[in-house]
Amino acid sequence: MLHDLMLSRYFDERMDALYRQGRLPGAIYSGRGQEGTHVGAASSLEPDDALLTTHRDLTAQLTKGLDLKRVMAQYWGRIDGYTRGRDGNSHIGDWAGSRTFAVVSMLPDAYPVAAGVALAFKRQGQPHVSMAICGDGSTSNGRWHESLNVSAIHDLPVVWVVNNNLYAYSTPNPLEFKIPTIAERSSAYGMPGVRVDGADVLKVFIAARGAVDRARNGDGPTLIESVSLRWKGHAGHDPATYVDKALLEEYMTNRDPVKRFQDLLLAENVVSQDDVAVLEQEIEREFQEGFDFAQASPFPVPDDVDKGLFTDDGYWTSEPSREGGTG
Amino acid sequence: MTTSITMPQLGETVLEGTIIRWLKQVGDTVAADEPLFEISTDKVDTEIPSPAAGTLSAILVPEGETVSVGTELATIDDGARGAGDTASDAGATSDAGTTAAVTTTPPGADGSKPPTTDGTGTTRSAGTAPRRVPVSTPARGGPRSSILSPIVRKMAAEHGVNLGKVTGSGAGGRITKGDIEAYLASEPPAATAPKLRVVSPADGAREEIVPVSHIRKRIAEHMHESVQTSARAWSMVDVDLENVALLREREKQAFRDREGAALTYMPFVARAVCEALLEYPQVNAELRGDDLVLHRYVNLGIAVAYAEGLIVPVIADADSMNLVGLARAIGDIASRARAKQLSPDEVHGATFTITNPGPFGSIMSVPIINQPNTAILSLDAVEKRPVVVDDAIAIRHRVYLSMSWDHRVIDGALASRFLARVKASLETWDFAEDLGR
Amino acid sequence: MAKAAVDAGAAGHGAEPRGKRTPQGEATYLVAIAEGLWEEMERDPSVYCLGEDIGVYGGAFKVTEGFIERFGSERIMDTPICEETIMGMSVGSAMAGMRPVAEVQYADFIANGFDELINVAGKYHYRTGVPLPMVVRGPSGGGVRASNFHSQNPEPWFAHSPGFKVMCPAFPSDAKGLLKSAIRDDNPCIFFEHKWIYRRIKEAVPDDPDFLVPIGKAKVRREGTDCTIISYGAMVHLALEAAEDLAADGISAEVVDLRTVTPLDAETVMTSVAKTSRALIVYESHRFLGIGAEVAAQIAEDAFEHLDAPVMRLAPPNVPVPFSPPLEDAFLPQVPDIAAAARSLVGW
């Protein structure tokens, strides 16, 4: 868990730097400051459980088991990325392996899909759970309501996680909804609702694990609101000047989920400073390996641009053409 | 001011013409009415005089190319400034009013020129235009006859169809795919224009490669077409011209003095033929689809050999002429034919044709019918031959009159009766009356 | 598990819908669709239906009437009014191994689920290689005085946006065979059932439970030589009627029924146009950028040298489907319109 938190933070910072240096094409969507929500929620899932997220939640997908090398190949548009270059950045998923949904920009498009996955698990008698993560912004959208409503009606094995990072792009919570918390909406759908501090990964984990167990036991869905602050802008281009400086200072100083968990483990003597240093080195090495792998991976072959739309041409069930060379 | 030279309408049924030769080159000075170019149509070759004086500024249709009537062929610039020249004279003020009566063309503005081909079927297109389907030019059959759809172009190119021969049944006279199909079905072999086989040059010392002239090609086309069309049969009579020969011998000097021309056997035969045709209109007929058109008049075609080939000028209403009139008419058209001075309508509309290889020594011929006639008569050499007359051997002026005739229209009995009638006329008539004696 | 009102083994495939055939054994378009759906549900337990009022009520047009008794409420799943979630759940359950057949009550309402289809379903396999075996059914089309919101032809939306196979059958057998093919296909299929045809057109349909009509194959419904009328859906029937009228005038019209609008069977279209050299496309989606616009463009590109006249289109103007009968009749191509267009094409 500490590894995942530290890796997430390091990855986020390094990618941000690369982006600003012009060495990373496309876009980045920072999840910094929200690692507690991502790692805590995703850690509660079993390998066969499904995770459906937004583009802000790459950390959750990494926790669920994505290969960092293929993630980075995706960022650089390479053939070894999870989408073979058909999509970029954190619009990623690994259904066959990690059971994660390939992120769709429109939000919360993953919510109805998560309901469908849960429906299939239930109908097929499989003991799996579906978890969807969205932000506070998504909760204003009709699909969010539709999904929670249907999941409750049919007692679907799904966990609805809202990563409330206080801003929908630039719009703050008070302009998104009138009620004080998102969690209290759960009663309107006939399901339990929980609000947790996203800075505390263990609290998130405990809440999520409870909801996952409940779902697995056939007791239906749960709504979890995990509160944090998005430290960075909506995307790499956004300086987020609309965020109150004092609020940001408070979150970065006192409510840093990575530092808080690390401090806890150190205080409880679960890990030593040396262990942390070793871990840091390991993460740097992981990142560098991923970076090197991505740079060495070829670009997709232009001739393949119109392949794989349907299953019929077999593009996705055969090895990709690799004569694209490296960029 | 620029004058546009277009392909003239050479008779009301002629739809296209081929540029045989430009007599002037670009940059040459041309006087009004000075011969500018030679053209060839279905049946006539002629010189075209320039309609304006000036400098030949552009030739738009090269030699050998066939274009429809009205196609712009060239431009003549008279050096005066007109509306069309303003593009090259930025300071000039266009004054359309002064040039309103003249067809003017801006330099190079020939975008409306229909696609054309040369004789080899190779497309001639200006500049670096992309590959175009080579097709011939359609007849001017209606306001939309020049619209060629892609399939029509393709089929015309593939089958070598001369679109000038296809009648458009579509709206506004447009040639449709169905028209091409019908055309191909109606004339299977003729559709692919008869081609003289080109032998690759082998032995330069023993063979010479000569390009086939336009008129030769047209003759080839017409002759081949005729053979493909008609069911040709052949009959011949042996005619005693002793009386005609005696009369001719007696009158020829006076005739030459009076008419300035020789009195040949031709008008005698023509006179007899005209009479017989009125009596046997089936021989003077045209098969037109399911109908037989019987002509109650005789437009007599006379085949005339000239340097480049053969032409058939027509004596209209020959049945209304006496011997002298026929002699004059025959002399007139023959001399003008050889001088290429026939008007286009003078080579069109024969109802019966006489060919005359006699002067070249032939005594017996099997001619090809001049379509759409039913028959053609050959007048071969008149010779003195020993014959039996009243059980005695006599020396008489005799001639074989042979006739090719279309068995689709008439049968042998009628052909023979017709020839017998001609024979009887020539042997018994007193032609002296016709000569005013 | 659901209780089975009819024993499948005893009653055989498609027992209930087949009971709705005419005394002569013919199935209407609607019954044929029900037969296809029923047979596939019997064949494959992963096939299930979801939609609004499809259970006890049997669907707004009664396609799934009697299904809930046979297959139970889990496989005939009534949903709230939530088209986005119907589509999203179809995606999710398809990802997780099921074969959903979603019904939108009228094709018009597919717009409410548009985002999940366009942005999730249509792009998903291209992005990830994960198959999405899902079908969305919807009654489309006008001519039934149902006006703006119950008469649309949304097929161009999904033909234009990548990732969908879009079917618009005109005949009962095709509807049955295509629906069965769509359910067995591993890709998102949009199946538009023309409601004007539902109870109007009937014919004998195959009983073979594996009778399939291939997706992406057009069919020459009537042979002809003078022009090709290309159409699909209800317009095929009007085109056939017009062809009959034209025959009386000596005009031989070939009628091509596209059946699937995407993937488009260009080969059948081009073969016919190469034969007749004249193409008239009659379609019910709006004229501007409708299905016929694409067909026309492909003919212009690929059959240009075969054309003896410009490609013609006959389609509704780009206005909503109006209600008042004179207006709707003016909006939709009618048999005399088709015949007149064909005449002018042949006479061009």
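The chains carry the letters A, B and C, assigned in the order they are written, with residues numbered from 1 in each.
Definition applied: contacts are C-beta pairs under 8 Å (C-beta built on N, C-alpha and C of every residue); 3 or more make two chains touch, one makes a residue touch a chain.
All figures in this text were calculated on a predicted structure; none of them were measured in a lab.
Peer 1: Provide the labels of all chains in contact with subunit A and in contact with subunit C.
Peer 2: Touches both subunit A and subunit C: nothing.
Peer 1: Go ahead and name the chain pair joined by the largest number of contacting C-beta pairs.
Peer 2: A-C
Peer 1: Would you mind checking which chain's mean C-alpha position lies nearest the centre of all protein C-alpha atoms?
Peer 2: C
Peer 1: With chain centres defined as C-alpha means, what is the inter-centre distance between subunit A and subunit C in Å?
Peer 2: Each chain reduced to its C-alpha mean, subunit A and subunit C end up 39 Å apart.
Peer 1: What whole-Å value do you get for the distance between subunit A and subunit B if each is reduced to the mean of its CA atoms?
Peer 2: Whole-Å distance between the two chain centres: 90.
Peer 1: Averaging over Cα atoms per chain, report the distance between subunit B and subunit C in Å.
Peer 2: A distance of 64 Å separates the two centres.
Peer 1: Could you pull out the residues of subunit A that touch at least 2 other chains?
Peer 2: Not one residue of subunit A touches more than one other chain, so the list is empty.
Peer 1: Would you mind writing out the residues of subunit A in touch with subunit C in their complex?
Peer 2: 50, 52, 82-84, 86-87, 91, 93, 95-96, 101-102, 104-106, 109, 111-121, 123-124, 130, 142-143, 146-147, 149-150, 153, 308-312, 315-317
Peer 1: Under the stated contact criterion, what part of subunit C meets subunit B in this complex?
Peer 2: Of all residues in subunit C, those touching subunit B are 277, 304-309, 347-348.
Peer 1: Which residues of subunit C touch subunit A once you look at their complex with the stated criterion?
Peer 2: 46, 48, 74, 79-80, 82, 84-98, 100, 115-116, 119-120, 123-131, 162-163, 165, 186-187
Peer 1: Per the contact definition, I'd like the list of subunit B residues that touch subunit C in the complex.
Peer 2: Listed in rising order, the residues of subunit B that touch subunit C are 133, 149-154, 170-171, 174, 176-177.
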